[in-house]
Amino acid sequence: MKLIIAYIQPEKLNDVKQALFQADVKKMSVTNSLGCGQQGGYLETYRGVPTEVNLLKKIRLEIAVNDDFVDPTVDAIIRGAETGNIGDGKIFIVDLAECIRIRTREKGKVAIG
Amino acid sequence: MKLIIAYIQPEKLNDVKQALFQADVKKMSVTNSLGCGQQGGYLETYRGVPTEVNLLKKIRLEIAVNDDFVDPTVDAIIRGAETGNIGDGKIFIVDLAECIRIRTREKGKVAIG
Amino acid sequence: MKLIIAYIQPEKLNDVKQALFQADVKKMSVTNSLGCGQQGGYLETYRGVPTEVNLLKKIRLEIAVNDDFVDPTVDAIIRGAETGNIGDGKIFIVDLAECIRIRTREKGKVAIG
Amino acid sequence: MKKVVKCMAVLIMLMPAASPLLAQETAVAPAATIQPINVVWTLVAAFLVFFMQAGFAMVETGFTRAKNAGNIVMKNMYDFAVGSIVFFILGYGLMFGDSIGGLLGGSKFFLSSASPGSPDGLWQYAFWLFQCVFAATAATIVSGAMAERTKFVTYLIYSMVISAVIYPISGHWIWGGGWLSNLGFVDFAGSTVVHSVGGWAAMMGSIFLGARIGKYGPDGRPRAIPGHSIPLAALGVFILWFGWFGFNPGSTTSGENLSIGFIAVNTNLAAAAGALAAMATIWIKSGKPDVSMSLNGALAGLVAITAGCASVSPLSSIFIGLIAGIVVVLSVELFDFVFKIDDPVGAISVHGVCGALGTLLVGVFAEAPYAGEGINGLLYGGGFRLLGIQALGVLSVFAWTVVTTGILFLILKRTIGLRVSKSEELRGLDIEEHGMESYSGFQIFTNQ
Amino acid sequence: MKKVVKCMAVLIMLMPAASPLLAQETAVAPAATIQPINVVWTLVAAFLVFFMQAGFAMVETGFTRAKNAGNIVMKNMYDFAVGSIVFFILGYGLMFGDSIGGLLGGSKFFLSSASPGSPDGLWQYAFWLFQCVFAATAATIVSGAMAERTKFVTYLIYSMVISAVIYPISGHWIWGGGWLSNLGFVDFAGSTVVHSVGGWAAMMGSIFLGARIGKYGPDGRPRAIPGHSIPLAALGVFILWFGWFGFNPGSTTSGENLSIGFIAVNTNLAAAAGALAAMATIWIKSGKPDVSMSLNGALAGLVAITAGCASVSPLSSIFIGLIAGIVVVLSVELFDFVFKIDDPVGAISVHGVCGALGTLLVGVFAEAPYAGEGINGLLYGGGFRLLGIQALGVLSVFAWTVVTTGILFLILKRTIGLRVSKSEELRGLDIEEHGMESYSGFQIFTNQ
Amino acid sequence: MKKVVKCMAVLIMLMPAASPLLAQETAVAPAATIQPINVVWTLVAAFLVFFMQAGFAMVETGFTRAKNAGNIVMKNMYDFAVGSIVFFILGYGLMFGDSIGGLLGGSKFFLSSASPGSPDGLWQYAFWLFQCVFAATAATIVSGAMAERTKFVTYLIYSMVISAVIYPISGHWIWGGGWLSNLGFVDFAGSTVVHSVGGWAAMMGSIFLGARIGKYGPDGRPRAIPGHSIPLAALGVFILWFGWFGFNPGSTTSGENLSIGFIAVNTNLAAAAGALAAMATIWIKSGKPDVSMSLNGALAGLVAITAGCASVSPLSSIFIGLIAGIVVVLSVELFDFVFKIDDPVGAISVHGVCGALGTLLVGVFAEAPYAGEGINGLLYGGGFRLLGIQALGVLSVFAWTVVTTGILFLILKRTIGLRVSKSEELRGLDIEEHGMESYSGFQIFTNQ
């Protein structure tokens, strides 16, 4: 089992969700995040003072999947999030030692989906 | 050492906190999260337009524990969060390679608690 | 590759960012978090009712780095966040199985930086 | 004109002070030139009092949690909407109709006393609007104390009954030519008529409802449930203070009555003093100038001066404000720690307790030069006479409100129910009762 | 004075009802004592109507998303700023200048009719201010319907044109001595003159813009895009309701005209009834008392009573409010589900549809004792005559507004463009058009 | 009546323009019928000016960070509460008491000039309230510039001193019959008396405090610290604009004075022009129509027209507004980039600089038909005479305020301290000074 963590542009969340649904990945968790990446930030002005904003708004996805679902999930995220521009985001994959469904106390593979 | 990530219903946070305290787990980190799971979302209406909300509000807990604390922690979370309904949440466990307390630079087991 | 998760005091974020930049770590993700740690919380009063606040505001950093960057990154975080007081925060390190840049689909070491 | 008892009472009350002027005016100027300024003044004041609804909505929203914000504003809007309609149909007649034994009015339903064909007939409309916004104020006070756990539909029914029946009847006793006014009871702008009625109804509602989940720990100790927007609450207090300049000076329902000047000054000074005293009190007790209690202090001063604003000197107004500011803090703590009645916004203490207090203090601070000939409080040689009458009025209205709203809430509890389910309360009334969130897009810890 | 047509029209209209009084006054009191109360009343009313700008800003901000909040308030502030200047230069003259064939005014540009040297000259200033805030109201209605996707600079140009030309010309027909007023068309405070013009312009703007991204699914079904702050929206509605007490009663532009009392009462009752009816309707249809639709209901009642507030009885006002409250809900759904015109705040239904509705209902509910001798609607023996004139007025103004704003938006679309780019819309207009965020520090899901 | 110098000054000033009317009125109508309209007008205006406190609170809250929001509203509420009490005790007497050598007043403490027994005695109350809300305006301006880092208790002491002593004394010079008024200095509604005093005090406070942590980078370059709620800031500006209709036209303290019409028009046009000019200026300079600077522009126009609103034509008002709108942007940047004085809300530029500017521009744009016989500015044949007197007044008040508030802040700094500790400032004044958060439940990045 793997835990997939993805950072994407906020406005792409709907597209990514669609792509994941099509790939039959229907469970996920979403948080707000600020990110610093290759997209160096941009210049805002406030009251005439130029300000470099280098923590950009991002969406953080966390998706736990069984091993055979890793590639489809990654592909779906890329499909939904890619625009070709800097700032499109990144995907991190971590080994998942265990997964437990609270309601049923099921563990492992069956609990994930 | 393990990193336990749990998604629970927001209104169960207090119960889970109590259960964890009783299990002598007193350190944790909490974030807001939106989740998509088996609980398929629900129907809201706004200005007469029915809207399917499928990102539900959840609380994300992150708790780093030594290995012998994993089971008591998981049990405590389940005790606090379980109602038997869909949406009760899920627990993910990840191996923790290292843990460092910033103040003392202590590492490993002693740093966790 | 490692995923470094750090909890720090909100007011130290700028210092930590500076320290990381000096250590040539320029990518990171930041979220808000509430934390329970050794810093036991503090007493607020609201309308004359004393209230123990035991979920304190923290900043959560997530930084994916190549293995040779782990120590410099940890050092930089400590340098920026340390005040010597309880509540300074904690660093957790998790193995990172894979890293993918969405824009280019690059994987692994090259994708991280 | 002779039916406009409140207005009359005011005129009579102020006569001794202002009479040389008023008499003269009435003699010299033709009646026709007198009316417009009174109608304009009364309407402008009514508009300001209407605006207090926005103040209540903001205070109550600000002092409660984000997950119930939409529900609170709905309650504030609909007690006014319902109240306007039923006060038109029934309430006004019970309050200002021809008195049946000094107990209630029996005519003027559907505003039948007004007509577009004569100056007096036209004046009745303006007077009705002024009274209507007062009735709605009494009703809306309750929403704060019952916030975050009351069923919406139950609240609508409650607000209908208070505006149609409960408020008008005790109001009749004092402003409608009823028995209390005949005794010489002084409540110029409604510390008792409006605020105490609202405050005691709030108390009964809160008792019948019980405390919000999480308000009292297993040990019975109260916990703070902080409000979600102090800026909106502060805005609400500013709006209320602003509206009070219609509430008190407007209660002359006469712009010719030059007393409106000192009534406005008294109103302002009492509010300022109330704010200062409450801040000082909570600062001493808890070590910090608590914002929400300080805001309550300004309101406490305003409520307290409402009864006596046309009967006391500016200096006395400062004292009344100071006393109210101290009392409101002690009272909030009394209800919270001792009686364990959960009142999220402090409505019982601000409106009930300080309304009663302010009414009693008229019996202490009233002075003939302001109050009218022969009307003196304890400190100005009037002895205990006025104080006694004031106490009688306070107690009568307390008894009336507690009994009637008690019966009302009991019936509602037994029938459609007062309170939402536990899970609705936890998830928030906005989602459960109205199917939406008030702060869409914002990340909010809804576990609070 | 004879040029102040609106005021005159009003006086004449109300004469029969109030004339014994007014005549008498005019006879007895010297002219000099009459003026101040009228100037004071008109100014105070104008201030209240000005404050409605804040109400619109809050309603529109509250009903849209956080990422566009700064842009909305800018539009609300600048349509007023631009409108004030161009109405001073051009608009007022087109509306109230000497009539050219009953179609438009041709003098009084740069407020040249006013002068500081005489009472009448001074009065003109007050009258101008009152008219200026009305013009700005019509302009600002549109910002809500075009919210979250319109280019800022385009919006500035649109608001310049509507305040300078489009609103004043149809306004001239009705209030400036133009052809509709000569026919006996009744629109006392502007259901048609102000609200319908704004509402139909909003409709055209919304059509030319197209719906917001995400508003309609691939299946064409509408989706909810919830507003980000219900408390601010509710505050806005309270402010609007408050301001409407200037809008309607103030439209006498005379404080001596004692009809202001029943006009205020009618305004209040229709708003209350509108709120109740809309809540009931949406409750029945969707199972929940939707907050945002309920707030729209109060506004619908207010818009609908605006035309007839000086012509109908309080009881009729309640009926007008009830009808408007039901219609506004149906209309919102019609535009949303059937016409698929994306109107984030319901401006078309509230102002356009209920403005027209209210104007027509004058032809049903008008009663001579209120409206003036011989002016009776369908229910009071007047037959279809008045209703016919009202319908003619409604249609003429609809046609005028749809055609002129249609041309305007077409030109704007073809030249500088109406709409921001897709990515600007997604990221939010605050960042893209103004370079900042409205809620700095708050965590907001900007993907919504 | 002869002691009411400001009012008198106004009457005299306006006499030439309106005198045929006024004289006539006074002759024909009995005195008793004149008073009510003046009292009503003055009170309504005072209420509007009071409401500006809410406007200041919202603007200052909106333009600062969420972690200090409660602290800001407390400062706004308590400078008014403290100010009301001390102005009652001391300030009013120093300002309007019998003049001691044209420098300060020496009677009327505790409002002893008022009494409930006569029309004039009653009038004094209304006049006091109007003056009291003005004094509080001057005090509250400062809270914005000192926001986010000032100790609460220090702020309370400062606000006591300014309302009790500093503001009243320079006010006496101009409105209390002091030396500047005798020279013919024109400051009708207080560009200098109120706004400049507040603005210069704000400047001194900001200098003594130093900049907020993080405002200036290690390279000395300013950084933006964005406000946390643009909608509340915009609401505040709308409320201020609304309140200004009490501030300026109300300064006639006479509803009979028909000049109130053009004063209101001037006020509105200058605000609109100021908003437009500021937006255009910042748009050109930074490429975007910055919201917060645009909002400042409307306020700049309002402040600038305050001195001359009764002395210039509507067209001149537009020019004054335009100039102020440009100047405010340049001034904000001057203080921010060059002087490096950290003023979170732009109070120094809006109130200090534009207050002085507006006062000087009276000497340029004043015209006899509006200003009164013989009062002409540079452009209308008056030469440099008036401009010279205006400059003298501006400089005198600048010197007075800078010196006295300088001493005050120095003493406060040396004794109880001006500024909170570094960690308090970082964590936010709400938690540290008041023990609570203003937006409980919301997730906010408090590192900002």
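Descriptive notes on the structure:
Per-chain numbering from 1; labels A, B, C, D, E and F assigned in written order.
Keep this in mind: a contact is a pair of C-beta atoms (placed from the backbone, for glycine too) under 8 Å apart; a residue touches a chain by one contact, two chains touch by 3 or more.
A quick note: this is a predicted structure, and the numbers were derived from the prediction, not measured.
Annotation of subunit D and subunit E: jointly contacted by B, F, touch as defined at the top.
Among the remaining chains, those touching subunit C and also subunit F are A, D. Annotation: the subunit A:subunit B pair of sequence copies touches via predominantly different residues, less than half of the used numbers being shared. Counting C-beta pairs in contact across B-D and across B-E shows that the higher total falls to B-E. Centroids of subunit B and subunit C (each the mean of its C-alpha atoms) stand 18 Å apart. Centre-to-centre separation between subunit A and subunit F, using Cα means, comes to 51 Å.
Here the spacing of subunit D and subunit F, counted between their Cα centres, is 33 Å.
Counting partner chains per residue, subunit F has residues 33, 37, 40, 44, 226, 229, 235, 286-288, 290, 292, 435-436, 439, 442-446 touching two or more of them. In subunit A, 31-32, 34, 44-46, 94-95 are the positions where the chain touches two or more neighbouring chains simultaneously. Interface note: chains touch in the pairs A-B, A-C, A-E, A-F, B-C, B-D, B-E, C-D, C-F, D-E, D-F, E-F. Across the complex, subunit A meets subunit E through its residues 10-14, 32, 44-46, 57, 59. Those residues of subunit A that touch subunit F in the complex are listed here as 32, 34, 44-51. For subunit C in complex with subunit A, the residues that touch the partner chain are 3, 17, 26-32, 62, 64, 94-103, 105, 111. Of all residues in subunit E, those touching subunit F in their complex are 29-30, 32-33, 35-37, 39-40, 43-44, 46-47, 50-51, 53-54, 57-58, 61, 69-70, 73-74, 76-78, 80-82, 84-85, 88, 110-111, 114-119, 122-129, 132, 152, 229, 232, 235, 430, 433-443.
By the touch criterion stated above, subunit F contacts subunit C in their complex at residues 214, 423, 426-427, 431, 435-436, 443-447.
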